[in-house]
Each structure stands twice: as structure tokens, then as C-alpha cells.
Amino acid sequence: MNWPGLRRVDKFLLKNQLAVLAVLAFVFFALVSPFFASAFNLQNLAREGAELGIVCVGATLVLLLGRLDISVGAVLGMSALIVILGCKAFALPLPLLVVVVLLFGAGIGAINGVLSSVVGIPSFIATLISLVILRGVMQWASSTEIMRTANSAVSTDHVFLAIGNGVFAGIPTSVLVLAVLFAATILVLRFTRIGTSIYALGGNFQAALRAGLRVTALEIGVFAFAGFCSALAGIFLASRLDSVTYQTGQYLEFYVLIAVILGGTSIAGGVGGVWGTLLGVAFIGILNNGMVMLTVDRDYQDVVIAAFLVFALVGDQYLNRRGETARRWQLADLWTPRQAKRR
Amino acid sequence: MMTIKTKILASFLCLATAGVARAAIAGEAEPLTPAYSDFQGKTIGFAFPDRQSMNIQKVFRDNAVYRARELGWKVIETDAKWDVGTQSKNILSLAARSDVAGIVMLSIDYVANNNAVKQFEATGRPVVVYHMGISYPSAGHVGPNFYQMGRLFAKTMTEDLGGKGKIALILGDPNSQSAVDDLRGMKEWLKENKSGLEIVFEQPANWDAEKAKQVTKTLLQQHPDVAGIWCNWDVQCVGMGQALKEAGQVGKIKTWTEAASDVCFTGLQEGYFTKCIGWDTRDQVRRAVDLVSMLVESGWKQGDKGIVWNVPLYIVTKDNMNDPRVHRLAFGEHSGYVSGESN
Amino acid sequence: MEGLSTPAELARAARFQRARGARALFAWAGRNALTLIFLALCILLSATLPTFLTLGNWTIILQSSAIIGVMGFGLSFVMISGSFDLSFAATMLLAGAVSARIIMLDDQATVLALLAGPLAGAVVGVLNGTVVVVTGISPLLATIATAMLIRAFAVLYVMQTWMEIPRSAASFLWLGQGSLRGIPISIFLLAGVAAASFILLNRTGFGRMLYAVGASPRAARVAGLRDEAVRIGAFMICGACAGIAGVINVSSVGGLSAVFNISYLYDVITVVVVGGVSFFGGVGTVYGVVLGLLIIGVLKNAMIILNTPYYAQSMVGGVFLLLAIGLDSWLRKRRAG
Amino acid sequence: MTSAALRLEARGITKSFPGVRAVANVDLALMPGEIHALVGENGSGKSTLCMVFSGIYRPDSGIIFIDGAMVRPENPRHAQALGISMMYQESNLVPELTVAQNVALGHDPFLTRQAALVESVAAILRRLKFDVDPRMKAATLGGAQMQMVEIAKALYTRSKVIIMDEPTAALSASEVQRLHDVIREIAASGIAIIYISHALEEALALADRVTVLRDGEVAACRSTSELCREDLVHLMVGQHVEIVQRPTTRAKRGAELVRTMGLCWRDRVRDASFSLYAGEIVGLAGLIGSGRTEVASLLAGINRPDGGQIFVRSREVDLRSPRDALGHGIAILTENRKEEGLFLPLSVAHNLTIGILSRLRGIMGLLSPAREREEARAIADRLRLSTPSLQIDVRSLSGGNQQKLLIGRMLVREPDILIFDEPTKGVDVGAIAEIHHLIRELASRGKGILVISSYLPEIMALSDRILVMRGGEIVQDIDAADASTDAVISRAFV
């Protein structure tokens, strides 16, 4: 019984299905709405997509480890808030600001990693907590007078605005950054020990352990990277909207999950990659933007998205994990940190 | 008197055919279609925060659309369902449509839509904001001046309480700019006029009626001697009213709220509101539509000075509420009207 | 212990003694930390706030905990069965809308309205359960999806603008607004649900099987229990509780609006987890949930009395969640040895 | 011989776990290039010993030398660094990584130059005469290929000592041949190899010397040239103390309770046909992985057979779930009681009564605590369960009492077909006797009983009839009276 072979076929199909779907969706919307394919809208689509994509790159690695990070939205929002505050209230030099924010994101991610790997809190819950606390902080911050004035001022700093709204050779800067990040991640996954370690850890924990990989450090690192990506996206968002609210980035985590899982990365870990994620992002981006263009009622948009989430989950269940024993999902798979059997 | 059977039947029918049922709430005369109008063949875009959740929003929406059709506009509606991100996406999607000549909107957030509006206006098309304003100087704003309203509230409260006493504030979302201006005006007036009123309690209910009810109950428990309660606005104040009723304080404690909405009228009717400060909700949106129309006609372009119309404020009490002129403030004439274009 | 011959045997016996001692200690901490925290809070607050320890204030604490509490008991059933449900907030909205809709059609159909809400909730629960159990998708993600669907259905097909309950529907409104001898009805409802949960969990076969399935699904199968049916049953109860909570909400304010009611999600999860219901299934008591409810309720109440800025409140919630879950995972690790 | 000349030398290795002394004072010495077979029954301590070498366990006492230098393997990585690498029984590959990446896992440079890596791995594979593209994913490999990759791993880390735990368990005869050639080849290059196997001929054919472990101690260490298969078997079995007297009076076999015909499941159970009669105890002997547990799981409805029929009281039945099986009076005591038996967070009483909830109904159909207490108490007494209280966590019971508890739970359903899978695994001596006594008594009360055990003496002592399994097939069905331990062993081993 050649399950692995079958699985390859399935995953191949799944990924190409997605590409086909994306193209079909694009064509469909282009036909239905004369303005969908307009340069203006495409740039929009690209910008929104790029920000989602940047977050998803990090989230993909977390899922490859068999973990979940639902704090991405909050981290993105908080980073955006820091950028606005630093840039418009304290007029900090941009480079410094960027560094600080990226460090902040990575820091929060690292904390998530520690909570998940060292303390042993289920990653979903650990990140849920960070989410709740971060939102609390954002509410407090945006209620302060200084934040309000900074926020409501219309920025004139062209460099700052250029980050999120600028175009380079007709391509939005955020897209270029996404491309770089994406390429870098692929290279790391393919050509460095880190990449192999991530797949090893997600794919066969025992083997990873016996090969002497530093599992804890790796997990913390990956979560930190996810935080870093969210912060990066946050910078672009802040500059693009030139403002932030305590709700910025709300529910982003759902879209991220959907895009990544649609992209063929298994929640069980060890299976998938960034390439699929990129397709997933493209598809979700097109779908979302297209439905908005057609002024589809937001509740119906939710229905569509939810339907695709279910589709993605079932796909993950029966395609990616086929061939393993017909064991059903136990919550433990998602929650219990797989501890080493050391005696 | 229906039999239980027919009741069940009816209830399930109404669940099944809810779409129809929703239309059934409404249903009024179509507006006159002009034989000639400069706007014929042109499209006006609406960016509503939510057409459905509160009656006052419905009144805004219905009258706005009615007026637009009256002027011969073709109408495109978008609905953000109170999601900040969605609203700016909606505006950008309208921006992408070259057929849209201008936008009339109620912005969920004071700053979140700045960039979207800016991008739209950059193409030489005006945006008119009604009710709450936004910090970006858009082409026009029609709505109450919340700072002045705050001062008026302070004055009224002081008069009603004979110049002294403890008062409590039940806020909605403390981060919404209207609330901020309200409070600023209120507190400044109290300070300037050495009013004997003392604000002893200030808690948000996040627009949630149940939460407002519990908060008010705690308030009454903690400050039995509280003389007056100011409740920000709309549905959550129903909760406050409930609390007063259950505590048997109706009429004993003076209460004030904002906007001549159906909530205000019910409250006055049932006695749990002393006064509402309202304005002509119908007139407000009609002016907004008119303003956009004029700007379009007069070839508005970005950089022109923004036009502001602060609607006059009226005090509604139990005594004058049945005066048809006052009643009109709340409901206009076309609150039942549902546009054919709406989706 | 009988038949301890070899040194190894003795060593092992000793180890068991020690281990048992340690376990007992941790278990004790796990069980009673809550009670201690609660008592400490109460003493602290009644010392600092004169009005804290009054009947009136406690009525408010309980009444404002009613909805969260009812929901919390429902959720703990699902969690004890080793699963999870993130869609209950949406279910609350739907159930509330259904009963509101019915009462608006006929203000005398109180009984029908009161039954329809929980019924709708139960149906949704069964659907949730079936999806999770049959497809075997991770319950968290599955219920995220169903939550979106349920909410959309409620808003699109059941709700209208602000749904105002006619004042003539007195008996329906009495449920959330009336009171007996100064004690609000919703408190009686809360107590009722608590009692029912207690009986279901401790005095019925279903309860036993629930714990068993949550503790070890495989062992439960081998022992010949209908594990899948039990897990779906847990979801059904959770849905029904969401229904009751939704109905209380509608009748308490005499109306329902589609917006801004997701805030319940984190509140409920916090209460249940602080109450010591384990994420890993098989562990959790009504007593614990009640304590969790009281602790969070008292905290919120105190923060409102002290007129604390609202943002502090959500942060405190998060911190408490962190502590509670940290404790849970830590104790679990210790038991695992 | 001076220790300098030795590749690996171990002196007085001792390692004990709670209740058992797995390895006691073992000496072992390997010359460079030597292939050293390690044989012994299940639980004789082979694996433990190797895990001590490969750094998974720390020895309680004893010292290890590599090339004359004393070493103390801290963890697998450290052991590899010292030159000891181990091939585990279960596959140790990451399905999503390529063969090359798997081989280099944990030892590749930070920047893996694929080409170079593939080249170096390819070189190793060529040396193993193993033609597989290093760039293909491990997920696509077959059993034999996986073993090869494991060996490649060991070579990649330049190991001086390679420990192979049952490398041929899943291989066909021809594959075994190839593997052996490879092993001889790499041994020739001076690497010492510890070869654990149940296949005695293999061991004899391949190894230079063989060490026989019995109950954690070295029974013998001889050159293979001076041994034949029978000697080996003798050495392995030794003079076992009969822990219980075999019944003098054979229980008279009653009606046929169960008959299976040609049961098949995956590739683990092949055409298993046997019968079980009332009042008899049938022992199911065989090595781990010979399909004993699987057969049991088919009877108990835990797994569903792919083919074949099961007759209960000569009526054909379809057992979809353990629930069905219980319905037909078949109850099982599973091997791993922590995962498939006990409800750890629950109290002893709740664990006992979970199967008979319907009997505990009191007023208004609610469970009555009083009745529950007496029911639980009754079972506990019947099994002489020693527990401070019925309310404590079942966790804190000793292994023996946990096992008794499970047996008790199984009995309250009054089944007449009972399956005991490793009934005395991890159970203290006192309890073992009791459990054996209990099983006897049940048989004498006319129950049909199937006992699975890796510990042959137990099978020999308990059963009236013995089924020997090998590679998923029942290879022998003999009356215990005229079965000798050696006979059984030699059938169970290849």
C-alpha cells in the first residue's frame, strides 16, 4: 500500500486546485465587476494581500511545528500603535522606530514560545492570553490624550507615508518586502539546518529529539519569527492607514489560519510550506476584495469564508494526514506540548 | 388569539421566510423620480456603518437613500457591520469605481478611514461625512457639534438639578471621538461655571444594554444619593432604564441622553429619561446628500476648503415629545423606505 | 502494602508513598487555591469597601454573573468531555433572536418563546458536536467556522434592527427583570442551572461517562461506552445553556441588537478556566466553576465600585487567565511526573 | 586482551526501574570489526542495555570504555559524538524530509549545500550498494529501505559502534540477506556492531560472538562457532522457577465458546483460526509484534478484521466495537492499562463502577452514592484490592492494584470469554500470584480464557493449551501438558 505516493498526488492536486481557484476567482470578479481589474483596485488588493501574506509567512512556520498562534492580529495592531505613537507623537527617527517595533514583535512571539514550550501551556491558549492582554493595553493606550492627538493628526511625513503607500516600479513597497521575506523564508526552509529542524520537529518529534535538535530553542525562535512578521505587517498597515484603533487587526488570525491551511499546511505539523501559503493568501485576498467590490453583505462574506475554512480543515484531515492510522483528532494533539520521554 | 399550533407555525414561517419578513417591516412610497436631473446616470456611494442594528441608523440610511433617489442619483450602498477595517475597504472599493461621483458616509471611527477618504478625494471626488466627524478634513461634514452638545448637557443638567448634586456618566465606547468631545465640553462647562455638580462615576457599557444595566445597578447600589445619570446614547440606555425601573428609581433620578432616537422617545414615554438633546436626524442626512450633490455640480477638487454644517440642537422632553414637529426630528417621513438598490 | 520483599520492592513502595504525598499536595493546591483566593479577595474587599459586603451588592454580583455563569456551566460540559466550543457566543445571539422573534409575533407565547431559545441552541450544539466528532476536525477550528455561520444565519434570517420586546409580554420579561423577595429571577435560574449541572455530572450515568470519555477516549471505548454519543451530548448541553443565556439576556434588557455582544466569549472562557476545568478533559467540578464565577464577578464588581478605568478590567481578566492556565498546565506536568 | 584493543567495553552495567532490575552487572566487550549478537527473551534486558549505551538511560552503576577511553553518554547526541549510534526498532525518519536530509539530520552544517550533502550521502548509499535517490522524500521509502537509511545515518556520523535493534523484524528473507552483506561489509571497515535479534539462525549466521541475556544478567558469552541453535535456546530459557504449580487436574473442557476462521487484519494477522472452549485457559505465545495483541484486539472488537469470521457460541458475529463484543460476553484486559484501561483523573470507585452505571440507579433514576459505594466495595473486596479509600485517585494505586481494579471492572459485566493481555506486566510479585490464582478460578467456573504474555513461564504455568504465533500466523497449537518451554521457544523464534 503506497500511501505516501497517494499523499503526494493529493497534495499536488490540492495545491494546484488552489492556484486554479485563485485564477478562476480573479477572472470571475474581473468579468462581473468592470472596476475589479482597475489599476487602483489591483494596487489595493496587492497592498492588503501583502500585509496578510507577511503575517502568514510567520504563521506557516508555527503551524509546521504543529502549533497555533492566534495573537498575530493583536501583535500587528499593537505594533501599528507603537509606530503611530512614535512617529506622530514623539517624532522618533523612523529607522530606530522600525527596529524597536520589530524587536517588540519578536519579543512577544518569544514569550508565546516560552509559554508554549517551557511552561507547557497549549499554544492556542497561550497566544489567546497574549491577545487578550495586548488588546487591553491597546484600549488603554488609545484612550490617552497624546495618542488621540497623534492619531487624529494627518501625517505629512512623506517618508513615513511612503512605507505603506509608496510604489516602486509600479509595485507597492509592501509587496516587494513580502517577496523578499518570502524568498528568505524559502531559502531558510530549504537550505539551512533550521528548515530541516522545523520539519523534523513537526514531522517526527522522537526522531528530532534523538537527532539531538534543540527543540525548545527552535520553538521559541519560530514563535519569535511569527511575532516579527506580524510587527512588520503592522508597520506597513500603520503607514498605509496613517492611523490605528484599538480594534486594528481584529479577527486577522482567522484569515491567516484559513489562508495557511488552504495553502496545504497541516495543523498536525510537519507537512506543507510557504509556497502553498502564498497561493492561499492570493486566493483569500482576491475573494475578500472581490466580494467587497460587489458590495456583498459582510455576513454573506463570512459565510463564504467559513465555508472555505471547513473545506480547508476537512481537506487537511483527509489529504495531508491520510495513510496514518485512521485516528481522529484528539484535542491533545493541538494542546499537549509533545514532551520528550526522558527518564 | 392564536392557538399554540398556529403560533409555532407562524414562528417557524417567520424564521424560514425571514428575508421577506425583513422587507415587511418596511415598505413605503417610492420617491418621485425626476423627469430631468443633472445627476441622472451618475452614481452616489454610501458607506454606512450598519443599516440594521439600530433604528436610528436605519432612519439615517433610509432617508439618505430616499433623498439621493429623489435627486435622480443612482445608489450604491455598502455596509460595514460595525467593522472598522471593513468600512475603509468599502470606501476604497467605491474609490476604485470610476462611476461613483461622491460618497456620503457615517464613519465608525474618528481616524480609521482617513486614508481611504484621502485616496478617494485624491481623484477629485468629494466625501461628505454625517453625524460623527473624522479627523481628516474631508469635503464636508454635516452633524451635531458634540463639544457644544456636551456644554449644553452640562448647562441643562445643572439647571435640572438646581445647581448641585452627584452625577454619573454611562459611556458607550469611551474611545469614540463623539463621546470624547461630549465629555470635554461637559466638563469644561462645569468647571467654567463653578457648577455644584460632581461626577462620581464614569464607566463604559460598550453599547451593550445588559452591561449598561448591571453597571447602573452597581452605581445605584454604591451611590444611593446620585441625583442624575447621563447615558451616552441609544440601545445601551434601554439597559440603564431597566436598572432604574427594577430599582424603583424611575422619576426620582434625573436622566439625560443624546439623539432624538426611538430609544429616547420610548424612554420619555416610560419616564426613565428626563430629557434628550436631539437634532433633526432626517434633515441631517438629507443635507449631507444635498451637499455632495452641490459639490459635484460645482466641480469640487481636493484642497478646497471643507464645508461644515453643525445641525441645530433641540431639547426633547415628555411634554413636547408628542408635538409632530418634535416627533419628526426622530423619524422623519420615510423611515420605512427600503431602497431597491440595497443588497 | 503486601508482599514487599526485595529492596527494589521497598524502594518502589517508598517512591509511591512520596509520589502520593506530592500528588496529594499538588492536588490539594489545585483544589483549594481557588477557595483561598476567593476568601482572601472577599476579606480584602470588605475591609476596603464598606458597601462591598451588603446583600444589595451581592445580589448585583450574582445577577451580573447570571449569563456568564449559565454559559460557563454549559462550556464546562464540553471541556470535561475533552473538547471545546468557541461558537457559544454566536449561539447565544441566535437563540435570543429566535425567542425574541416569537414573543414579538405573539406577546403571550411565553412558554413557546422560552422553550424555542434553548431548543435552537441545543440543535446548533448537536450540529457542532456532529461536525467535530464525525469529521474529527480540531474542535477549536471547527467551531470558529460554525460560529461565523451561526452568527451570519442569526443576523441575516432571524434578526431585524433593535428587536424590542413588547411591554405587554410581561411574563416573558419577568424572567429577566422580575424578582422574588428582592432576589432577581435570573439568580434563581443561575442556581437552577448550577444544580442541574451538578446532578448531571455527579448523579447520572451520562455525567460519569462524560468524565470517563474526557479522561481517556480509548479507555472509554474499550470499557464499552458510546464515546461519540457522549461527546455530541456534551455539545448539545453546551448549546442549550447558550440558549438559556441568550434568552435571559433578551428578557433582561427587553430587547436584542446584533452588535457588540462578542465580549462574552473571553469572559466565559476565563471563568471556566479559572474555575479549574482542565483543557485536557476529564477534570472539572461545578463547585470550581462557581468559585471561578464568583472570583471574576467580585473582581469586576470591585473594579466598577472603585471606578477603575475600563481598559484595566480587560487586562486583569487576561492576567487571571494566564495564572489559572499556568497553574493547570504546571500541575498537569507534575502529575505526569 | 587489553581494553585499548577493544572498540567498546562495558563493565558491571546495572540499571533498574521501579520494581524491576532490568540489567544487572553486565559486562560486554567488542573488538573492532566484530559483529556481536545480543539475544534473550523479551524483557531479558537487551533493549535497556543498548539504551544505556546510546545515552537514553543513565546506568545506576558500571562504566563504559570506547577505544580504551572511559565515556559517559549523556544523551543520544552525546553518544553519537562519542561514536555510538543506535538503530531503533520503530522507524526514526522524518517523512517530509529527503533521504539525504534525514541521514544528516542534526549533523548537517548550518548552511546545507544540497549538492554537497546529496553527494556525500550518495557516496554512503553507494557504499551500502543501496540504489535510492538521496533527493526523494523519506515518506516514499519501504521498510527495508528505511533500515538502509538508518544504517546510512550511523555511517554518516562516523560511528565506531552501531547498535541494531531487530533490524530485520520487518524484512523479507532476501532483504535480510542483503542487509547482512551490508553489515558484514561495514564491520570489515573496523566498526563494531551490536546485533539484537530474535532470529537465532540469523544471529548465529551473522555474528562472530553472541551474548545471551537472561533476566537482566549475562547467561553466556560465546563464539558463535561453538554454539548451535538448541544450546542458545537452552541458555536463553535456563532453569526457570515455576512461579505457580501447573494444575494437577486438567479442567474439563466444556462447550466451544469462540471459533475464528481465517482472521486477517492489515499485515499483522494472517489467516488466524482457532477455537476457545469453556473452562480452558489458552495461552497465546509469541514474540512482541508476532500478532498476539492484534488477534486479541480483533476478538474484543477494538479493531475490525479485514477478512475471516468470528463465531461466538457457533453463531457468526460482527464485532464493530468493544461494546458489541461485551454484548456477546467478550471482555478484554488491555496491555497498556494507562492508555486503554484506567481513567487516571477519576477515583477508584468511579473507575470500578463505570461499566455498571445502570445498576447504581436509586431514587428517580439518579445514581445513588450509597449503592455505588457498596458495589465498588464489593468488587474491591472480592479482588482483595488494597487501597486506603475508594475515593482516592486511581493514579496513586500500585501497578498490581490497578491491574486488579481493571480485572474487577471487567468481571462485573459477567462475561464468559475473557482475554488477558499481559496480565502481570509491571505488577508486584505478591499480586502476580493472586492474579494467576484468580485466572485459574475463573476458568474453573467455566469461563473461556485467552492469556497473552511475553513471559513464557507464565504461559506455561497457566495455560491448558498454547497457541504459538509468529509473523501474524498461528504456527502451532499444542496441549500445554506435552509442551516444553524449549519447544515453544524454538517455534516462536525463527
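Think of it as A, B, C and D in the order they're written, each chain with its own count starting at 1.
By definition in this document, a residue touches a chain if its C-beta (ideal position, glycine included) is under 8 Å from a C-beta of that chain, and two chains touch if they have at least 3 such contacts.
In this text the structure is predicted, and so the values were computed from the model without any measurement.
**Student:** Chains shared as neighbours by subunit B and subunit D?
**Tutor:** The common neighbours are A, C.
**Student:** What chain groups remain joined by touching if subunit C is not counted?
**Tutor:** Leave subunit C aside; others remain one piece.
**Student:** If you take the mean of the Cα atoms for each chain, which one ends up farthest from subunit B?
**Tutor:** D
**Student:** Could you state the distance in Å from the CA-based centre of subunit A to that of subunit C?
**Tutor:** 31
**Student:** Find the geometric centre of each of subunit A and subunit D from their Cα atoms only, then give the gap between the two centres in Å, rounded to an integer.
**Tutor:** Using C-alpha averages as centres, the distance is 44 Å.
**Student:** For subunit B and subunit C, what's the span in angstrom between their mean Cα positions?
**Tutor:** Centre-to-centre distance between subunit B and subunit C: 36 Å.
**Student:** Where in subunit A do residues touch two or more of the other chains?
**Tutor:** Residues 139, 143, 297, 299 of subunit A touch two or more partner chains.
**Student:** Which residues does subunit D have that touch at least 2 chains other than itself?
**Tutor:** In subunit D, no residue touches at least two other chains, as defined above.
**Student:** Could you list which residues of subunit C touch at least two other chains?
**Tutor:** Residues 155-156, 310.
**Student:** Provide the full list of chain pairs in touch.
**Tutor:** A-B, A-C, A-D, B-C, C-D
**Student:** Okay, in this complex, where on subunit B does subunit A touch?
**Tutor:** For subunit B paired with subunit A, touching residues are 76-81, 83-86, 88-90, 92-93, 95-99, 109-112, 114-116, 118, 135-137, 174-175, 177, 180, 343.
**Student:** Of all residues in subunit C, which touch subunit A in the complex?
**Tutor:** Going by the criterion above, the answer is residues 82-84, 131, 133, 135-142, 144-146, 148-149, 151-152, 155-156, 217, 266, 269, 273, 279-281, 309-315, 317-319, 321-322, 325-326, 329-330, 332-333, 336.
**Student:** For subunit B, which residues are in contact with subunit C within the complex?
**Tutor:** 1-2, 4, 7-8, 10-11, 14-15, 18-19, 21-22, 25, 50, 52-55, 57-58, 81-82, 174, 200-204, 206-211, 213-215, 217-218, 221-222, 235, 238-239, 242, 245-246, 262-263, 266, 270
**Student:** Mind pulling up the subunit D residues that touch subunit C in the complex?
**Tutor:** 16, 18-21, 300, 302, 321-323, 325-326, 332, 334, 339-346, 350, 353-355, 357-358, 360, 366-367, 386, 393, 395-396, 398, 409, 413, 428-431
**Student:** Would you mind writing out the residues of subunit A in touch with subunit C in their complex?
**Tutor:** 68, 115, 119-122, 124-126, 128-129, 132-133, 135-137, 139-140, 143, 254, 257, 261, 267, 297, 299-300, 302-303, 305-307, 309-310, 313-314, 317, 328-336, 339
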